[in-house]
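This is the structure I want to talk about, given as structure tokens.
Order as written gives the chain letters A, B, C and D; numbering starts at 1 within each chain.
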Amino acid sequence: MKTNHTHLRLVASCPDHVGILARVAGFIADQGANITAANQYEDVRSKTFFMRYGIELLDTEKSVSAFESAFSSVANELRMDWRLTDLSKKQRVVLLVSKFDHCLAYLLHRWKVGDLNIDIPCVISNHEKLRELVEWYGIPFHYVPVPKEADAKQAAFEKTAELIEQVDPDTIVLARYMQIFPPWLCTKYRHKVINIHHSFLPSFIGAKPYHQADVRGVKLIGATCHYVTEDLDAGPIIEQDVVRVSHSDSIEEMMRLGKDVENTVLARGLRYHLEDRVLVHGNKTILFN
Amino acid sequence: MKTNHTHLRLVASCPDHVGILARVAGFIADQGANITAANQYEDVRSKTFFMRYGIELLDTEKSVSAFESAFSSVANELRMDWRLTDLSKKQRVVLLVSKFDHCLAYLLHRWKVGDLNIDIPCVISNHEKLRELVEWYGIPFHYVPVPKEADAKQAAFEKTAELIEQVDPDTIVLARYMQIFPPWLCTKYRHKVINIHHSFLPSFIGAKPYHQADVRGVKLIGATCHYVTEDLDAGPIIEQDVVRVSHSDSIEEMMRLGKDVENTVLARGLRYHLEDRVLVHGNKTILFN
Amino acid sequence: MKTNHTHLRLVASCPDHVGILARVAGFIADQGANITAANQYEDVRSKTFFMRYGIELLDTEKSVSAFESAFSSVANELRMDWRLTDLSKKQRVVLLVSKFDHCLAYLLHRWKVGDLNIDIPCVISNHEKLRELVEWYGIPFHYVPVPKEADAKQAAFEKTAELIEQVDPDTIVLARYMQIFPPWLCTKYRHKVINIHHSFLPSFIGAKPYHQADVRGVKLIGATCHYVTEDLDAGPIIEQDVVRVSHSDSIEEMMRLGKDVENTVLARGLRYHLEDRVLVHGNKTILFN
Amino acid sequence: MKTNHTHLRLVASCPDHVGILARVAGFIADQGANITAANQYEDVRSKTFFMRYGIELLDTEKSVSAFESAFSSVANELRMDWRLTDLSKKQRVVLLVSKFDHCLAYLLHRWKVGDLNIDIPCVISNHEKLRELVEWYGIPFHYVPVPKEADAKQAAFEKTAELIEQVDPDTIVLARYMQIFPPWLCTKYRHKVINIHHSFLPSFIGAKPYHQADVRGVKLIGATCHYVTEDLDAGPIIEQDVVRVSHSDSIEEMMRLGKDVENTVLARGLRYHLEDRVLVHGNKTILFN
């Protein structure tokens, strides 16, 4: 459906008052641009307005930066938090993994067949195990072991941060990276780091959730895709789902069954994030379908 | 969250072109009204634009009819199909049933406890069986038997139509009314008659879908809420869902399991319809969440 | 499919060793009885064997008690925990409720139309509110208010226990009974008291789970049917399910959506229990489908 | 949990009568063998008995073939259809594919990490496209183009049949093999050929089910894993599932979403088949959980 027109996406939030939509839609029309998609949500408790617009610049003479600087005065007037994304530029997504490869294999395959329209500048792992798989896809693989001792661990994360910084990613995915992301990295990439946790949060926070699920005897297990914050497994939830288990399923079988739900929850959550459908509001997310 | 301000809902569709949103949002702002919710969708194949707006009239001096007549010129200019609903008026919903009472019992209970904010002016049935239940809720019950013989059947539907017309409903729900609604009644109340079919359409159209499901050996059974049209079980689908069955489930057990999914699918579909979330487009529906 | 033959159900567990099945099946065949259904499960960690048999006594001369006493020596030999149920006798189920009526209304309706093949000797509530509904169904209603003050509360539960004892129930259902069941009553009716908790346990234990779900920003809410033990909301889980919610769903809307999932989870859990499909093993359940 | 004892699986069906279970369980106990798992089902309409037993031969002196020949006289006596599987031997599974690679990539990955305990002697395709992927996993890849002209198509299927016969598989999986399997091959490998169809059958039989789903405007799309018979997409169903779609999902997006449900449905169906949990009864399946 795309033409050679420039397509942008505007995501914004601001204090709610009369006329926001008219002001923004009027500005866009005045720029000779078309609104191709629109979502709004008004949080009545905090009196905050959230919006996501698809915009098509019809005037091929007009540059994205001209549109952006023109819009910034509207945004100031409305006291908006906002960002504008140029859809012609692929997002850059760095993947961090440990030894479990199902999420990595899933994302790489979907990327290769064109279902995930991103660039993957590199994969970073604290193990060598998945190098072969990653390099088969032609993607650089960096091995950065993470020792348990505090200073060495700090050094490892500094090395990891350096590798991330070099490729300047839009998004970082912890695709079963079994390390606690340090607070200073969470802060640096706020709302840009996505984790897949292998339980239906807030049940079974922390290590070995399938073992915890086995002890409690739950009838459904799940997975949760969320933004990483300083609080372990407590960041804003993007997507969740569950799958039925039986008393006869061992922990190993739960782990096998869990792989499918982890994959689909991460895939959906990542896609929502990449399409700017997820707006963080306090510790919750607005999710525009 | 409601104030004593007037709340309206605007639903519209029109040929897609630049500036629709700006035109409508600008008009609403000019009227001193607030947009409390907004959904838009652009169907790229048919180049049609669909919208649903929640509107709060802040100027208590301004009447709904003044707003409506002012908007009609905007709508003409944009070649819109549209309707405006005053949310202070409860919708009137007539229920038609036969002998199975689970959908009826569900809707009446939810209505009584305030989960369904509607008026139910009457229930019409081709059997006497459910009179006691309906009258316990203080709702008029009309018994109109539908004979098989053509002339008598036509007379029965004329009587039914007359009873419906007397209460001037906004919506008619066939809550397991095991009669084929005559084409002239479908036409008269186009996109206002909602049926719950006890299968996952288009599988198992027509009579005895649980028997058909048993013969085919499906592993999931379902229910479909759709608008009634001249084509049996082929109208625009509003909502569907499924439930797992086992080889050991008899047809009777499927019917029992099916009741829950019929109830929840009908309840969701009816709510979407009442909240003006369902816009019909050809034989499909746009469903705004 | 039932004949005038006597139908029994045998549920048993015992230490695992060779030949249990042969011993039990041989005994049943020797009694001239037919096995109409059979489930077995071997828990390899605890080396425990669990079984559930449907049995049809073909010899109409033979009494249930004769069969039972003959089997008891087999059971002793195999060191079995066991019970034998005569399916010709309806189970007696007492319902306890507070003010929320959706679970009660659901169970009463399903009971009346024959979907729940039980007797309901009485309903006990700490509020008067639901008397009219219960009495419409012709079921005795007992009002036992539960004060907050310790002695009065103890007296209220003694009164409740007395009312329960008078009707000698097989099962007690806490159908949204918003009181913590006292430990001595849990002990007295061990694995006979079923609760429906309005969250996906172990998330959101205790009061106001929908409020907790709102604070955490989960994308699915759920319900859990479990046996009541001395530990609040921590007893063996029988059944669970979830339903999707959106950022735009208020707590009130979550509560409304939750009603459907509470009803279906309680209905499934209660049915599994009544059909002797649930065998408690430590703090978990074996669930035979 | 496995020891060095021999583990077998017995699957059987026979006319229902008293004492089958006692006869079989007694035989197994007499052989000094243990029953580690057991499922039975009695189809009351056809008076047919179905069973699946896990058996552990404790006497290490006793051979599988001795057990098998001893059992055959019991089986004759009970007029059983039966098969006995030695669990120490991996099943051999041939995969047939066309151009879509998601099911293939999924199965190969799960096989490589040990989640699918099978041998894959070869992959056969009517296109060259997926050779590189298959050979990366070290599995032989055969390219057999299938022309449209009848004689050439017949020759292609004869070549395919020859390649299959050479590796003598236990199971053949059509993992999105977009060709109609010829009736003589269906007959030859009756109940050994598994297909994944990309719709919730019986909806959308035949070609382009996602296009059909788009035309009908369904709110859920699905996938069905079934045994291949002479009747297109009408063989006994093993497993099905669905995923929600929206009016805004294009056919391309449905295809992308459908990949996940196709993969998990095929994975579950294949696992049920490999674990002998699926017993065909007429055109339906008994599925032992």
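The rule is simple: a contact is a pair of C-beta atoms (placed from the backbone, for glycine too) under 8 Å apart; a residue touches a chain by one contact, two chains touch by 3 or more.
Predicted model, so just to flag it, every value in this text is computed and none were measured.
Steps from chain A to chain C, minimised over paths through touching chains, total 1. Listed here as common contacts of chain C and chain D: A, B.
Pairs B-D and A-D differ in how many C-beta pairs touch across them, and the larger number is found at B-D. Rounded to whole angstrom, the centroid-to-centroid distance between chain A and chain D, based on C-alpha atoms, equals 37 Å. One simple way to say how far apart two chains are is to compare their mean CA positions; for chain B and chain D this gives 42 Å.
Chain contacts: chain A has residues 41, 246, 248, 289 touching two or more partner chains. Of all the residues in chain A, the ones that touch chain C in their complex are 41, 200-204, 216-220, 222, 236-242, 246-248, 281, 283-287. By the touch criterion given at the top, residues 101-102, 105, 109, 113, 115, 136, 246, 248, 256, 259-260, 263-264, 267, 289 of chain B touch chain C in their complex. Residues 1, 18-23, 25-26, 28-30, 32-42, 44, 58, 289 of chain C touch chain D in their complex.
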